[in-house]
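One chain, chain A, links the two complexes that follow: it is found with chain B in the first and with chain C in the second.
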Partner chain A sequence: MTSIGEFIAALGHYNFLQSALLASVMVGIMSGIIGSYIILRGMSLMGDAISHSVLPGVAVAYMLGINLLIGASAFGVIAALLIGFVATNSKLKNDTAIGIVFSAFFALGFILISMAESSTNLHHILFGNVLAVSDRDLITTIIVLAIVILFIVLFFKELLITSFDETFAKTYGLKTGYVHYGLMIVLTLVTVSALQTVGIILIVAMLITPAATAFLWTNRLTTMVVLASALGALASTIGLYLSYTLNWASGPAIVLVAALIFLGSFIVSPKQGFVTKLMGVKNA
Partner chain B sequence: MLKKLGLTAGALAIAIGGTVWFVQNRDAQTATASGELRVVTTNSILEDMVEQVGGDDVSVYSIVKRGTDPHEYEPKTADITATTEANVIFHNGLNLETGGNGWFSKLTKTANKRDNQEVFSASRLVEPLFLTSKGKEDEMDPHAWLDLNNGIKYVETITNVLKDKDPEHAQAFQKRSDAYIAKLRALHNEAKDKFADVPVEKRLLVTSEGAFKYFSKAYGIQPAFIWEINTESQGTPEQMKQVLAKIAASNVKSLFVESSVSPKSMEKVSKETGLPIYEKIYTDSLAKKGTTGDTYYDMVKWNIDKIHAGMLVD
Partner chain C sequence: MLKIKELTVAYTSTPVFSDLSVAFSPGKITGIIGPNGAGKSTLIKGALGLIRRTGESFVDNQPVRRVRRKIAYVEQRAALDLTFPISVFEVVLTGTYGKLGLFKSPGQTERNDVMKALEQVNLTEFRNRQIGELSGGQLQRVFVARAIVQQADVVILDEPFVGIDMKSEEEIMHVLRDWRAAGKTIIVVHHDLNKVANYFDDLLIMNHGIVAHGPVSDVYNKVNIQQAFSADLSAVLFTETEDVS
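Let's turn to the complex of A and B:
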């Protein structure tokens, strides 16, 4: 196994590694931020659904030769609208509506991808490869990160109130619908950026795991958002280091590191109280 | 609130500007150390050819590991570092490495290597055949190396590039190349007459992927396949129907399956027709080192011998 010193030397030497590190750290930060809101609003499953639902958008964007972000956002929002529509207009619960809509979108995406181009690689979209990030991808990613941060700063109060007490927000006169769909749009942008680092299947891990880890340590929203993005960036860096030294696929390496950080926090965090509880049992 | 927003916007503008500046101004890395010529090949067949010609005067790194499909591949970290450090990179060309969003062109771009400067297509001298499936008629069939005559052209291209890049060892390269080509040519001539003793209605080669077009043309047999080229749609009902009809119309007694393809679909055809899968043959990859079929010569010889024997089964 290569030492950390060698990894840093390689960072100075190889452009691809610099791009990979920058991209994965930026994706780690933005998914930590959005992920915090996703888990506070009890929308983890929704995050998974939206990330899968962008697949047909990616295919359509390939076919028409337009920017992936536009195609993906369109389908992400359509999926969010459809899920809302099915859930409010039937006796079905929300999770059932999510299951139906996102699997249908995912299936449609598969078929469109195979029609789009005989040699388009599904593998690449599903699992991502942070090692082939182009300069243009990097610039798109930093712009998305900027949009995410601006969105959070602009609508901080609205997001805070609707995340914790939707009924109160409604009586207060807030347009909860707008906040919800605004968040969905930003979520699809994050998803498309994360496509290149961890791929569609594992995006949900980047959204949820660092945010859930942060949740174990704090009760303050601001602290949680900052901590989640720091953990996302940390997991990305360590994951990339493991990918470089052990020749692992980069996306899964990042996700596994995030999960390990969660595991450690789960055991020792005071809020979870796993260790304190154990000790309490012993004392009693 | 406004002040906070302004501060955020300012910080973000600096971050974006910084990224753009960094991307445009960082140094493009180039191969550093001297010493023997470092060659990267996309697959094991090219790896073997370069080793035959280059001998101990070159070091070779092959990207797609033996037994895996080179159509679609995700480059790993080690592949990118090796490509960055390489003096010469050989790929098959003819659309073999264009799958997966064009992984190979992405890889060479990431590693800062240019076509015909460091990156060379081994199939440069080959006359391409095209796919026959509807809508794909203008796509080239990549499997040229299965015809030994094309393999010889690959070796010639490789020899010329190596001589060019390392003139000091040019004589040694040429000497090894001449001997190697003579060996390949002898096998080619032997194979050309080999299938004459198989009755025409049994000269049908059934494989999963339609990789044997060049081979069939060179050695006078007919190819049949489930799917024409490895992509996402392998073994669809329509494809199954077609291959079953083709088998029924012939008197073929054996099926073949490729080493780098899942045998599932061919097992289905075998069950459906009652014909046995005679043997595993090699298309996109050599066998693991130390086993039969681990060099280009052995692989083609194995293919020719087994296909011939399989066709003669009653």
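Let's turn to the complex of A and C:
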């Protein structure tokens, strides 16, 4: 295992490693931000569904030679609309609708990808290949990060109230559907960026694990969002270091680090209170 | 003044009520009573357009969907996520969102309004608490404070006194009476028949439609309660002496 010093030296030498680190950190930040809203809205499963549902969009974009973001967003939004349609127009529960739609989309995507040209590596799409981030990918990621930040700053009030008390939002005339689908669009953009670092299958971990960790430490939404993005960036950095030095796949490495940070927080955070409860017992 | 015109709501093929029309007067506290499942909350949600319905409702002769900000609605408490990372102050601040509209953040004026409202419901010292750390009564007062901040002409509360302490109940009644003095239209869905005469000016008695509507002294009697609830309950509540009047 290389030391941290050697890792930093390698960062200075290799462009691909710099790009990888930049992309991972940005993806960590944006997924921490959006993930905070996803978990507060009780939409973890929806986050997983949307990230899987962009696969056919990725395939179609490759086939037609159009921008990945456009193809993926289109399919992400179609999936979100379909899920909403099935849930409201049948007696099925929401999670059932989600399960049907996203598995169908994922299956379709799998077949389309195998039909697309051979250079698209399914394994990399599913599990990420951060060491192959191109300059164009990097620019796309920067744009998505800007969109995410702009979105939550401009619609801070609307995101807060629809997450906390949707009925109230409706009574004062807010079109809560627009907020929901806006969030779904931004979520698909984040998904496409995260494709490179952690891959489709593990994106949900980047969305919910740092956000859930942050939730354990704070009672303020803004703090939660900032902390979640910081934790996402931290997990990405450490994960990338492990990936580089131990030759692990980048996605699983990043996700495992995020999970370990969560585990530590789960044990010691004051809100969860395992340690404080134990001390309380001793004091009593 | 809130006017409901020919409102019909059906969750299944049988409507909860049909073609219901009623007008709530300003400067009065109107109680809505009726047995479980009589359609009290449904009437409110239908009037607010929160559920599928036919018919229309108006505030000052304008359709509700155009003047939503003239109505403040305090929902039954159950549905909210009490672990949400939000403080008492921030919950009350969301009452200013409707007036602010898109892209505007609450400023000093809004914050001052929130502080005043918190003072009115005696929650100033709890303003930085996470909402899960409050008692049922304190939580209900938070939502009443939010309704204060909304500065609406019509205020609707759905079972505000369920599961709360006496002190909170009195403080909320105090706010309701202040609103009445300010000429607002106040509507309270209520479950406890005992306090009807103390709390309300007008009464809407429901059982899948209107049984009676008018001043408490006119409509709160043995016949109407018997029709809406049961003969037994009616007999317990109204003794012979009261019946004479």
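Basically, the second predicted complex is superposed on the first by the 277 of 284 C-alpha atoms of A that agree within 3 Å, B and C clash if a C-alpha of one lies under 4 Å from a C-alpha of the other, contacts with A are read in each partner's own complex, and residues count from 1 in each chain.
Here is the rule we go by: a contact is a pair of C-beta atoms (placed from the backbone, for glycine too) under 8 Å apart; a residue touches a chain by one contact, two chains touch by 3 or more.
Keep in mind it's a predicted model, so treat the numbers as computed, not measured.
Novice: Taking chain A as the common reference for superposition, should the pair chain B and chain C be classed as clashing or as fitting?
Specialist: In the arrangement built by aligning on chain A, the partners chain C and chain B fit side by side.
Novice: For A:3 in the superposed arrangement: first (chain B), second (chain C), both or neither?
Specialist: The answer is neither, since A:3 touches no partner chain.
Novice: If you count the residues of chain A that each partner touches, which comes out higher, chain B or chain C?
Specialist: Larger number of chain A residues touched: B.
Novice: Once chain A of both complexes is superposed, is A:89 in touch with chain B (first), chain C (second), both, or neither?
Specialist: A:89 contacts neither chain B nor chain C.
Novice: In the superposed arrangement, which partner chain does A:154 touch: chain B (first), chain C (second), both, or neither?
Specialist: A:154 sits against chain B and chain C alike.
Novice: Examine A:18 and indicate which partner it touches, taking first as chain B and second as chain C; both and neither are also allowed.
Specialist: The first partner, chain B, only.
Novice: Quick one: classify A:114 as touching chain B (first), chain C (second), both or neither.
Specialist: After superposition on chain A, A:114 lies in contact with chain B alone.
Novice: Is A:221 contacted by the first partner chain B, the second partner chain C, both or neither?
Specialist: The second partner, chain C, only.
Novice: Could you say whether A:247 touches chain B, chain C, both of them, or neither, answering first, second, both or neither?
Specialist: first
Novice: In the overlay of the two complexes, what angle sits at the CA centre of chain A between those of chain B and chain C, given in steps of 10 degrees?
Specialist: The three centres form an angle at chain A of 160 degrees.
Novice: Of all C-alpha distances between chain B and chain C after superposition, which is the least, in Å?
Specialist: After superposing on chain A, chain B and chain C come no closer than 5 Å at C-alpha.
Novice: Counting contacts the way the document defines them, which residues of chain A are shared by the two interfaces, the one with chain B and the one with chain C?
Specialist: Correct list for chain A: 154.
Novice: Going by the contact rule set out above, which residues of chain B touch chain A in the complex?
Specialist: Within the complex, chain B touches chain A at residues 4-5, 8-9, 12, 15-16, 19-20, 22-24, 26, 28-29, 71-72, 74-78, 80-81, 84, 95, 98-103, 106-107, 109-112, 136, 139, 229, 231-233.
Novice: Using the touch definition up top, name the residues of chain C that touch chain A in the complex.
Specialist: Where chain C meets chain A, its residues are 48, 50, 65, 68-69, 71-73, 75, 79-81, 84-87, 90-91, 94, 97-98, 100, 102-103, 105-106, 130, 146, 150.
Novice: Could you pull out which chain A residues touch chain B in their complex?
Specialist: Against chain B, the touching part of chain A is residues 10, 13-19, 22, 113-114, 118-124, 127, 129, 131-132, 134-135, 138-139, 142-143, 145-146, 149-150, 153-154, 243-244, 247-250.
Novice: Spell out the residues on chain A that touch chain C in their complex, using ranges where they run on.
Specialist: 40, 42, 154-158, 160-161, 163-165, 167-174, 215, 218-221, 223-224
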